[in-house]
Structures are given as structure tokens and as C-alpha cells.
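Which chain is which? They are A, B and C, in the order written, and residues in each are numbered from 1.
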């Protein structure tokens, strides 16, 4: 069991850190305050191949691996939770299912553009009445000749509006329950497909979270992803991978909050000393770092299992559960250790705390993760 | 067009700290980077590669760990990487360093050599011009802009009080300033293939150089003594009226030759 | 290289557009001390075009015993090869034990080329110069490692011992018009072939404003100054010291100046050589 990063991953870590510091950090506050999708940052990420890290060169990817990809999500999230989730949703929830479940023709049609960042990806599963109970899909797809007619809506969709390629789930046969759900690749510009209400959120405010509206959208059969009726299984497997990405986002937020706090407590003086010299501060930071390191190992392990083509669903759930809870606890303590200043927007920790909350909810709530893990434990 | 970019791996001197009790430099944990002036030179070369298919070789003289800097350069897009490394080259001053690099360059085909103006550890700005002298080609230093033609390069050369625009025929050497461009990040694909490419390692036996001109023994200058500037002692507090205060400040500034 | 043949302290009197630069006089100041310690002559070399007796006289008034003029039409504007050729010829003929250049964008271009052609050692950016009692070698002290270390360098077996010296550190002598010295014109023809670069354009202008992170002198103001007008007065002081103005967060928030000037925990990290904090 080698806990050392390979030489390639060490090089990667260096460049990701530089990129995050120089390109992402300066814009983080504005991204949050103006709820502005960081278009120019995404373009820069695309230029260096960040939007296709785990995909083979043959499809325009970087020929890298999942470990490298989640290291990127972590590095970005350390300075900006919004930027981290944009990359995670695009890679794990859209490009990955096309790569893993698509036909050769679909892979050749969509992956090169997604990997190069010429197109951004999104994933549309959640509906007003189908959240944790994802099987309750109302959106319907009716086969008519060589196309499916899609009707319905989705909510809380990350990257909505900026994405060009959406993996959308719909009921093709209501009588079959979960086995009647199918997955489709819906493209921006298809008549009848529009973006609805944009959510005003507590955190990751630069992330575009909107409603998707389908009014008799004609989707060619060549855009059916996987087999008809296989959509639910495809969604679950895709979310397994997405969980590692969110775990990495939570991990980045936690570590970023610790780094900010360390800087602050070394400078801030009260009672004639730096607050970093008080044992309470020291012990809190010890706790925060130990838990974050544990989260890191869980997240990296899940990524490595996926790279080794081993089963990873339970490990991914553990990683997401633990990392998101750690992020919430660590960012909250970070604000506390900053005192009154931490509550102001002048310092980034309050934003990190607001960003951290969603990691316990989306891509499967912590409760869902516990269902997945306990099912494996009690097998 | 064939370009050689000389790069040096240096400790990030902005991250260096002084040990408060001993007053010595803390070198552990200081990250190693490609010298910033050199990195900008490499970026300029990579732009020429994109624009006109130039071939870019990176060359570095250093200990075995300088391999990392060359891998970075490959991941940024360089075509070929050569590390000049040998015990015999160690302890070299700028004369010996430039002699060694020039000897290596003589083995290669090239039109243009790009060096960074100065390294952030040595801070001499001497190696580039001295390489040009050994190779007997013209050089231009403090280059902030460049454009390449068929047979010549056109550069903007900065002075403290202005600039010149010069045209120099190939073969020639230029030294570049870090503010001339923003060096690109390594690409993801570049990183994953960096260690799959070869970094050639050349030692004394691989180049043709007079041993009297290399390493510590071949260095006309040597360090007699070195010391850190010492930890900062507590400052002085003067509680005086403004006139006296101004006088004290002016005297202090005069003492330190600031005015 | 027979060391005993080399004698005298030589200073490159840098000129731009016919004006001798301040650093040249500073070098003569430092050189005078070194020359006196060694009991050797102090020589100034002025290379340029249409050189005048007045220029030579000012070099003598500032300490030179001997002024060597290299006057050639191709030495008008600075170019590396013509000046390298001229300096190398003078040094080869005169054989000084020591040569100083200002560590300017010209000196740091010319000195390495000259030292390499003469196959001797060069030390860059010196801030202190002295003579070692025992060996009579020049002790050249300079910052390294980004300024974190000071190193004393020697060049024991090669001549001349050459250094570039940081401008603004050495003290020039008060001009003494009563001083006498010798002025000679050195014949060194610069050929067309020596002009191996083509100057397409030359522009003289003041350096554009830099960021506070690059400033070596910062005058920072805080709320203690009382009002924006007082804050503005810092600008004069900053200009006189060749530096820039910076501000505390309170001042930026109060709208007295822009955020790019903010220092302190949520502002920029700066590393000036001189930091004056007013009302902070």
C-alpha cells in the first residue's frame, strides 16, 4: 500500500496549486457575491486540459486518471467551491457516463468537445417530486419512429444554461417502475428544451442551478444512452462516481478553511500573544487537520479503486459522507476561530462554510450514503 | 527554426526563511521551481513553436534533482530535454557554468539561444552574455518583446530610462525578463506523459570542454565567506515632537544612503 | 596571467546620450578609497562620441587620477559589441588590477561580455568593497539568494578583478576642481563589422508605474492621518524617495484611495527595503 503520490501526481499537485492560487482565488469572492458563473476560469481550465483529465487521448482527454481528476476538484475547491463543483458535475455526471455507457459513435460525437471544454456537461435527474426518491420520475419520453418525445421538467440542475450537453432521465415505460426509466443525451438548442428558474442559493452561488423544461423535445434514438429501461441503473452508477467528485470538493473546502485559519491565527493577537499560541486553538486545528486527512484518504482510495476498475460504490459513499460532514464541521470551526472577522465577507471562511453545507445534500444526501453503506455492511 | 532554452532549477527564494535562533537559512521544505526569468524565455520559445513549428530544446546544468525542472518544461511542451550533470561541474561560478553550457550547446544545432536574465538565487545576470561570448555570437539582454523573422530576430531591449528596438541576425542569444509574458501552466496531458519521455543526461565525458574551465577548480571567482543578514533586533521608539522626529528620520535615511 | 603586471583601479564611466551617469561618480568615490589603500592610481574610462575635455575634467574632479577617452562615432548609442571591444582594448593595454562597472542595465550587459573575453572573473551587484590586508585581493560583498544572504567573493588568481556595483550604495566625493589628473585619448577604431546588431528604434522615457508589490520604497498611510488631503501629501514624499504610496484597509474603505494600494492582512503582501508607516 503506497501512500506516496506518483511523480506524475506530484507534478500535477504543483501545477493545480499554482493555477488555483493565481487564476481562481482572485475571483472567488466576486463569483460568490455576484452569483457569476466563472466563464473565463472555465476557459482557462479547458486550455490546460482540465475538463477531460480521466479520459483517454483517443477521445481528446488528457490520458490521465480519476485520482488526478479529483485532485483537480480538490485544488479548485480549496479556493472556490463553485469552481470545484462546475468541474465535478461536468466530468463525473456528464462526460463519464457517456464514456462508460455510450456507444462508440456517441463517444466520438460528444467526448472530444467535452474533454476540450468546447462543450460543458450537466446531469438532469432530480425533479420537483423526485429527489432522494429518484425513482419517482415524472418526465416522460415516448418513442415515435426514430425519435423520443420528451416532456417534463427537472430542478436543481448544476451548470444549467452554460452546459451544452445534458444527461436527462425520463420514464419510457411507467408500468415497469425503475426498470422503465431511460437516459438520454439532450443538447442545448433542441427545440422545446429551455432553461427555467434560476435558484438563489445559500452557497456555491456562482454555480448555475436551474430548472430544465422539456416541451415535446424531439430526441433522436441515437441519443438514447445505454439501453431503454437501463436509465436508473446508469444513474446510480454515475452518481457513485459523482460522489467521489463531491467528496473531493468537500475535502478542498475543509483544507482551504484550515489553511486560511492557520494564516489568521498566526497573525491575530489577543492578550499579548497570537491566538495560535493558545492551546484551544491548537487542539481545534489538530482535530480539523486529522479529520481532513482522514477524509482525503477515503476520497483518494475511492478514486484509486475506480482507476483499478474495482468495485467502489460503498467506498465512494463513505468518502462522500465523511468528507462532507468534515467540511461542515471544519468550516464552521474555522469561522469560530476567526472570531467576529470570520463572520464578515472580508474573510473567505464564511463563504466556505456556506459552500460546505450543500455537500451533505446533493448527489445523494448523507442519509442516502448511509443507506448505501449499511446495505453493504449488513450484506 | 531550432531554439535552445537554458533553464535553472532554483529554490523559491520568496519562500526562504531565516532561523530565528541561529540566523541561518532554512533550506528544507523550500519548493524548487524553474527560475522565473527562464520560464518566461521558455514560454516565448513555446509560442514560436505554436506559431511557426520551432523545435524547442531545454538545457539545464544542475544536480540530478534538476530533472524535475526539465520534466516541467516537457509538460509545458518542450520537444527535448537535456540535463548536464556531473560532479566535475559542481561549485562553478558564472565563467565555469557558461563554459560548460557553451560546450553542450556546441553539440546541438540551433538558431537562437534563450536564457533568463538572471536566477533568483545567484542574481548575477552573467551566464547568458558569457555563453554568447564563448560561442562568439551576438547577444541582447533585458529583452521584453520579440518577433522572429526568416534570418533574424527583432527584440525590444529595456533600459531603466527607455528601450531600443533591435534586429539581430541568427545565430544569436537573448536574455529574457519574467514580465515579458505569463508562462503557461503544464498541460494535463503533458504532465501524464512527462515521465514517458527521455531526459538526456550528459556528463563530462559527453561534452568537449577544457577541464581547466569547469567546476570549482575552473572558477576564477570564489566565495570567501557568506552570512545571513541576521535576525531583526527590536526597533527603537522615539517619542519626540514632529520637528525632531523628522530630523531623526532624515538622519537615518542619510546614514543608509537612501537620500 | 601574471598578476604582478596588473596595477591600478579602473572605473567604467557610464554615459548615456553624453551625460555621465551618477553611478560613475559613485564608483570613483569608492574607487578612490580602494586606490588609496593599494597606493595605486584611479583611472576612469569614458567611451562615447564627441567626448569633451569638460567631461574628462569632471571625472578628475570626482577622484580620477587618469582619464582615458575612447572616442568613436560608433560609440554614440550603447551597443554591446562596440563597447566590449573598446573596453577590452583599454583593459588589455592598461592592465588594471581592478575594474568597476555600475550594475545598471548597461553595466550588467557589458561587464559579463568583457570579463569573458578577458577570461577573468566577474562579481555582480556588489554593495561593499574592501581590500584584504594580507593578500591585497579585492573583497567583493554582494547579496544572493534573493537578498537573504550576503557573500564575500574573491578573484585571487585572475586579473583584472571585475565587479558590477549597485547604484546608490557607494558615496561620490564632493567635486574638487582643484584636483589635477591626466587625460589621454585611446585609439580604438570601431569597424562596421563590430556593429553586429541593428538599432531600429530608440526611445527614452520614464518607467511606467509599477505595483506596490514591486516597490522598494513604500510610504503607507492610515486613518491616523485624519483626512484625504493629508493622505495625498504622502504622494510627494513617496516620489522624492523614489517609491510608492500604500494604504491601510481603513483608508481604502473610507474611499481615500483604491484597493490596489492596500497592504495588511487582507491587502497585498509587500517586501520593500524601506517602509514608512504614517498614522497606521
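To be clear about the criterion, contacts are C-beta pairs under 8 Å (C-beta built on N, C-alpha and C of every residue); 3 or more make two chains touch, one makes a residue touch a chain.
What you are looking at is a predicted structure, and each value in this text was computed from that prediction instead of being measured.
K.L.:
With centres defined by CA atoms only, which chain is the most remote from chain C?
P.N.:
A
K.L.:
More C-beta pairs touching across which pair, A-B or B-C?
P.N.:
Between A-B and B-C, the larger count of C-beta pairs in contact belongs to B-C.
K.L.:
Find the most central chain, measuring centrality by the gap between its CA centroid and the centroid of all protein CA atoms shown.
P.N.:
B
K.L.:
What whole-Å value do you get for the distance between chain A and chain C if each is reduced to the mean of its CA atoms?
P.N.:
56
K.L.:
Centroid from C-alpha atoms only, then distance chain A to chain B, rounded to Å. What do you get?
P.N.:
41
K.L.:
Any idea how many Å lie between the Cα centroids of chain B and chain C?
P.N.:
21
K.L.:
Under the touch definition given earlier, write down the residues of chain A that touch chain B in their complex.
P.N.:
So the residues of chain A touching chain B come out as 7-8, 11-12, 14-15, 18-19, 48-50, 52-53, 57, 61-64, 68.
K.L.:
Considering only the defined contacts, which chain B positions touch chain A in the complex?
P.N.:
So the residues of chain B touching chain A come out as 31, 68, 71-72, 75, 184-195.
K.L.:
Could you please specify the touching residues of chain B with respect to chain C in the complex?
P.N.:
These residues of chain B touch chain C: 11, 13-14, 16, 18, 25, 93-95, 98, 120-130, 132-134, 138-142, 154, 158-169, 219-229, 249, 253, 257-259.
K.L.:
Using the touch rule from the top, collect the residues of chain C that touch chain B in their complex.
P.N.:
Touching chain B: residues 16, 77-78, 80-81, 104-106, 108-109, 111-113, 115-117, 119-125, 139, 142-158, 168-169, 171, 196-207, 217, 241, 271, 274, 276 of chain C.
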